[in-house]
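In what comes next, subunit A is part of two complexes: it sits with subunit B in the first one and with subunit C in the second one.
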Partner chain A sequence: MEVENINPSVYSKAKQRAHTAADDDENLTDPFDTREIFDLIKNINDPEHPLTLEQLHVVQESLIKLDNDQNEVFINFTPTIPHCSMATLIGLSIRVKLLRSLPPRFKVTVEITPGTHASEAAVNKQLADKERVAAALENQNLAEVINQCIRVL
Partner chain B sequence: MEFTEQFFQDALKTDESIEANSSILSREINNGKITISKFVEQIGFALTSQSVDQRVKGTQILSATLTKLPKDFLNNEEVSFVFTFFCDRLKDHHNVIPAVIDGITALISMDNVPKECPMQFLSSFFQNTTVQSQTRDDRAKLLSILEALTKRWSEELKTLGGDFVYNVINSIDGERDTRNVDFIFTFMPGFCKTFPLLHLAEEMFESFACYFPIDFNPSRNDGRVITREDLAEKLADCLVASEEFFEWDVALIVEKLESDLTVAKVDSLNLLSRCSEAFSSSTITPYFEQLWLQLKNQLLSGTDNSEVMSSALKALLKLLENATNSTDQSLSKSYQTQVLGTILPILGDANHRLFNAASSVALVCVSADPAFASEKILSSFYLILEGDSCKTEEKTKILAISSQIFRICSVKKSLKSINTPETEKLHARFLELLKDKETSLSVLLCLQECLPIVNEDFRKAMYSHMIQVLTNDDEEVDISTILWNFAKFYPQELHSECIEKVLRNLPIFQLSVKAKIYQNLSSLVNIEHFEKPLLETLLFNIFENPSINEQILALNALEEVLSKSNSVSKLDENFCIVESILKNATKASNVEVLENFMKIICLVVKNCSLEEQIELTGKYLPNLNLNSTSDLYLTKGLLGNLHKDVSMDEHFEKLITDLMNTSLKSDDEGARKVAHLLICSLVNKVESKSANKSYIRKIVAFIKEEIKKGDKKAVELLSWIAKGLLVKGDEDAADIVEDLAKLLDHPTLSEAAVLAFDVISFEYPGLHLPVVKFLFKQKLFHIVLKKIWDKLEAFSEHHLKAFGYVVLATPHSVLKMNIEKIGPVLFRCLDLQDSTDTLRNSLRICHNFIKEQDEYFKLHLTHLVKQSLKLTTYPKSMHVRINALELIEDITKYPEFVVLPLKTDVILGLTGSLDDKKRYVRNAAVKTRNTWFLIGSLT
Partner chain C sequence: MTGKLELVHILEGHKGRVWGVAWHPKGGTFASCGEDKTIRIWSQNVNNQPTTKTILSDGHKRTIRHISWSPCGKYLASGSFDATTAIWSAVSNEFECNVTLEGHDNEVKSVSWNKGGNLLATCSRDKSVWIWEVTGDEEFDCAAVMNSHSQDVKKVCWHPTEDLLASASYDNTIKIFRENTLDSDWECINTLTSHDSTVWSIDFDSTGQRLVSCSDDKTMKIWQVYPPGNEEGIVTPDNIPAWKCVCTVSGEHTRAVYDVSWDKTTGLIATACGDDAIRVFKEDPENSSKNEPTFNLIAKVDGAHSQDVNTVSWNPKQPGQLLSCSDDGTIKIWKIVE
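And then the complex of A and B:
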């Protein structure tokens, strides 16, 4: 397969989340926050490069919105180039990873950052369609590619 | 014995008879019963037989006999006679050759060998056969013969000239067996140095070069291990064996560097290093430009292959050093100019992609020629710093590299040569950066490397900056190494300009600043100049300062100082640390202060010699009253870390009585803990004499009486005594453990008895047990298992809990041997919902077994998964939940067909944990759940 973006910009990784006293307190509840969601998806591997989505700035903490009480998660991701044919695959990987990692009470929306991809609307529509996501996972080959992306090395 | 023809015919029947009779023959020849010529005559029937087999056997018995003869037995004529015979045999059938080779091997090691014999053999051998047409073992023997000949008769062989060299090349060319190749590589470098290679140098080189780079993977079953690295190293020896080879070496290096294989590149670069070491600069100079071009391609290609990079840097270093070591002074400059000409432009831009690679090259240049290279590099740095556009990040990078350059210069003892006005100007520029908060620390770190050439004004500026760093409140910095470097070169000046000022103003600073100051100064204690001011300040703050917090801070600092000091006992002698603590301790009431006193005395005692320990205890122990809390702590400090040979018999009974008193009567938990640790240590340490033993039995009996009265404290005390005895391997320990085990059924003392097993099993950090019996943990496990097995089988709750503690302390291998027995008990422990400790202990043990994919657990995975999933929602402790999740994750390490049936249950079972209230639990759940999703889905 030909690599579309041969020389992507690589960014540094965020530092590990700081340990706080509240983390060890049995009685306190740690609410979900954007950083936690970001930590879930930052290590997804890019389908083209041996880099993570965090290093390519495809996902960023500032582009995640979370409403813990209303059980809603909203994520924007930014393809490295506007014609990236991998955008759907990346979006799907993010969805699947969150499907496996977040409690079922959350409604997760994954969309392309507005204005960063040529066929933004089409991709968003595909990602929002539950049936199509489920169908994609039924496909053995596709499921394997996604599993490769979201496995932590 | 008569050597008739019949005898010889019998002797030649089998290989065994040849071997046995050759021994007899050699003995008889040695005794003069038969001469060698007579012997040869006698077996003539075999040697001249028409049957090849007979001829082989005849030659074999002759060779075997020769091998067994003493080295000095045969005279020149006899050796010459046999030699001629063997040379003649070389024309014979090829089956005869192996026996001839054995014979020649025996002959050339004889003392009397006429010098024409080897030539005769060689010319006959090369005329009639070749080395490479023999079997592997014979090739090995022939190569050994060649080696022996070239070592012993090198002068004679030299007269053979090119023919001999040609034949040797033919003999080694195309060798395929690794062991033989290894042998060739070992002896050929010496050969190439001894014999002029004439017009055959290139042929010789080619016969080695065809192996380059070595491609060899040793098989694991090979007894004699030859590694690829060994061969590569030896091959390089061959390739640099003659100065004439260099021309072709260069071609080889250039060719192999173009390869994509890391091994080829690394071997070529290592070969270049070896060439630079072996050959003279006049040989290398004509090729330098070409070689630098190649090295540049490797070094500045932006590769991240660290192996290639480090080999390339090493090769460059050797190449440059070769020039530095030559008599021609200008050569090094000319090399350096070429290299620096390439890298200086890159160093001028700190954001350049290749900046890091170029700086590594720069450091190599400095290592090879410190004076010349560092002057050039530093002046280019000066120009960059002068420029307006230089950013902080660039400045930090430049400072870091300058620091390394200075360090190399100082190691190479050439700091003086860079002590120029230019360097001073650069230093001045650096000092300006001292004002900028982001670069100031880098400046200090950089200049500390070249302190001998930093002028006084600059040093003063640095002192005042260090004072500022040490005394400001807003940042944690460690400048202790910088202070240490200053102290090495300018102790007086550092003291008067910096340390004294800081210490004088110490009282006005906040606690956090003081902590920072103590931290940074503590390592200076090993420099004589600072010992006194530092210790005096600390001791003053410990004993004279009314604030408890100040005391504790100073005590912690003293502890740090003592742990860093090289001569603790000398410090104690000079500053009477122990004595002043003992004198002042009565005033102290704060437990933390007392604990610190204890630690410091401990540290001092620990670092004393045996005699000093005896002296210390003899001096102070009699005055200590264990009924006072402060004295109890001090006694623990004094006795807690004693060497096992310091006898305590004299004080033993009194000490134990007093300590028992504290343990049973006192309500101060801290004091009781100290008393327990001390009792345990003393019981463990005391000599196993009958007097001591009967005393211990007496007190154990007394404690048992107390236990009968229902005293929980007595149970705890007993457990500590049991611990001391058990570690020592005392035979009474098992009885006490049994008594404790019985208490597990007691209506009121069962909880205390469970904790007693925790005490016995746990390794306490502050507890010093000098006498340790081999395998005591294993012994404890077996004692406990024996004593409480019946109850364990009945799954009695307290017994399970107690057992949990013991099992945790038992080595994994012991548990593994008994897994069939303890497995069901462990599973049962996982059901004890009210004991967090037991759950954690048993989860941890199960986890250890799961990690190594234990067979027993494999059979019970379904059950284990069910129990662990239940524990992932255990409300009382997040650690239990996390441990359970980690265990479930590692279950996936079992083969896929084992775990796949469990997949759906686990994934569904973990959904709840994804919404756990603690983030750490959620993280573990996410990791575990995602790992389970991947089972069976990746091919």
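And then the complex of A and C:
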């Protein structure tokens, strides 16, 4: 398969989360924060390059919104080029990774960062359709590709 | 709110997401289906506690999305992501799958029998709607393939008294089909536009004069039919009845609305929503007219399920009894108290 974006910009990774005394306090409630969500998805592999979504700035902590009380997670992801044909696959990988990692009470929405892709509305609609997502995951070939993307190296 | 939805039973058994539930036409018994590729037939025992009577597990290779009983109650049709529709027949309390309908290119999303039980409609992600004719004992012929939708077709639903079929789609529209009496070809006669996103489900009222739809755009809409020569003066080109959206309920649902059920006896409308809630709406008799009805929310259960609610269905024989199923793997039975 031909690589669409031959020379993507590569960014440095975020530092490890700093350890604080509160981390060891078992009596504190420890709600999810955006960094935790980011840590779950930052190492997803790009389908085209031997790089992670974090290194390509496809996902960024600042583009994650989280509401613990409403149980809502909202992710914007940014394809490296506006005609990237992998956008749906990347979005699916983020969705699947979070569906498998987060408690089921969370409602996860994954959308393209506004203005960064030619087929933004179509891709967003497809990613939001849980019936299509469910059917896609029953497709063994596609499921294998997604599992490759979210595999922990 | 003037009503209350009371939980009567919680039923477990399916592994994973439960996509569909359907009452047997006589009430009492119902069927359920889901991602575990099985259909469960539930019946109430002497203590009124519904229990699984049978598990049908050898019909489909992938998720079973939707099920529908024939009006006589002898047959159950099931549509699956494996692209097939299975017809199960009840033979002395046992169910046998003797017919598998093939033809769709990919996932079958919905199945529906007409009132006479001689026609079965199916729809799929392949954008088509098929009508199958029952030609003999467990024999089906394809009577029509309609390619009117430009996207995934999510739901098919027959009119309660006429052979008129409605379909809802990912292309944001609802279409109405009927057989042309001149050449016996099935054709699309209406396209209903007003929703801003995928129309997930539709249901007719008891008269068939109205249709309710629900959508990914978080609204519910009521449509009214105007026959040729109607007193309102609504234009009906080629003498084809016109459908107009007469009411939009917005601001109530906070996520996609996946299913809607119109109780044929009480006139109440229930919705299944991606925000985990079940809502019940009632037409306000004081502020409604045929062309401008108002529907009020009379009952709402937040967290009716712990995840998305996928289907709601009113019992055809016990008015006010509601069945629901969810991504949380459970089925619940509710009773509306006004």
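The working rule: the second predicted complex is superposed on the first by the 153 of 153 C-alpha atoms of A that agree within 3 Å, B and C clash if a C-alpha of one lies under 4 Å from a C-alpha of the other, contacts with A are read in each partner's own complex, and residues count from 1 in each chain.
Assume a contact is a pair of C-beta atoms (placed from the backbone, for glycine too) under 8 Å apart; a residue touches a chain by one contact, two chains touch by 3 or more.
Here the structure is a predicted model, which means the values were calculated and not measured.
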Just subunit B (first), just subunit C (second), both, or neither: which does A:D23 touch? first
Could you let me know whether more residues of subunit A are touched by subunit B or by subunit C? B
Return first, second, both or neither, reflecting whether A:P104 touches subunit B, subunit C, both chains, or no partner chain. both
Touch test for A:E131: subunit B only (first), subunit C only (second), both, or neither? second
Does the superposition put A:G115 against subunit B (first), subunit C (second), both, or neither? neither
I'd like to check the shared interface: which positions of subunit A are touched by both subunit B and subunit C across the two complexes? 104-105
If you look only at subunit C, which of its residues touch subunit A in the complex? 17, 35, 62-63, 65, 81, 106-107, 109, 125, 152, 154, 170, 197-198, 216, 255-256, 274-275, 306-308, 327-328
Touching subunit C in the complex, subunit A uses residues 104-105, 107, 125, 128-132, 134-135, 138
Would you mind writing out the residues of subunit A in touch with subunit B in their complex? 23, 26, 28-30, 36, 39-40, 97, 100-105, 143-144, 147-148, 150-152
Of all residues in subunit B, those that touch subunit A in their complex: 876-878, 911, 914-915, 917-920, 922-923, 926-927, 929-930, 933-934, 937-939
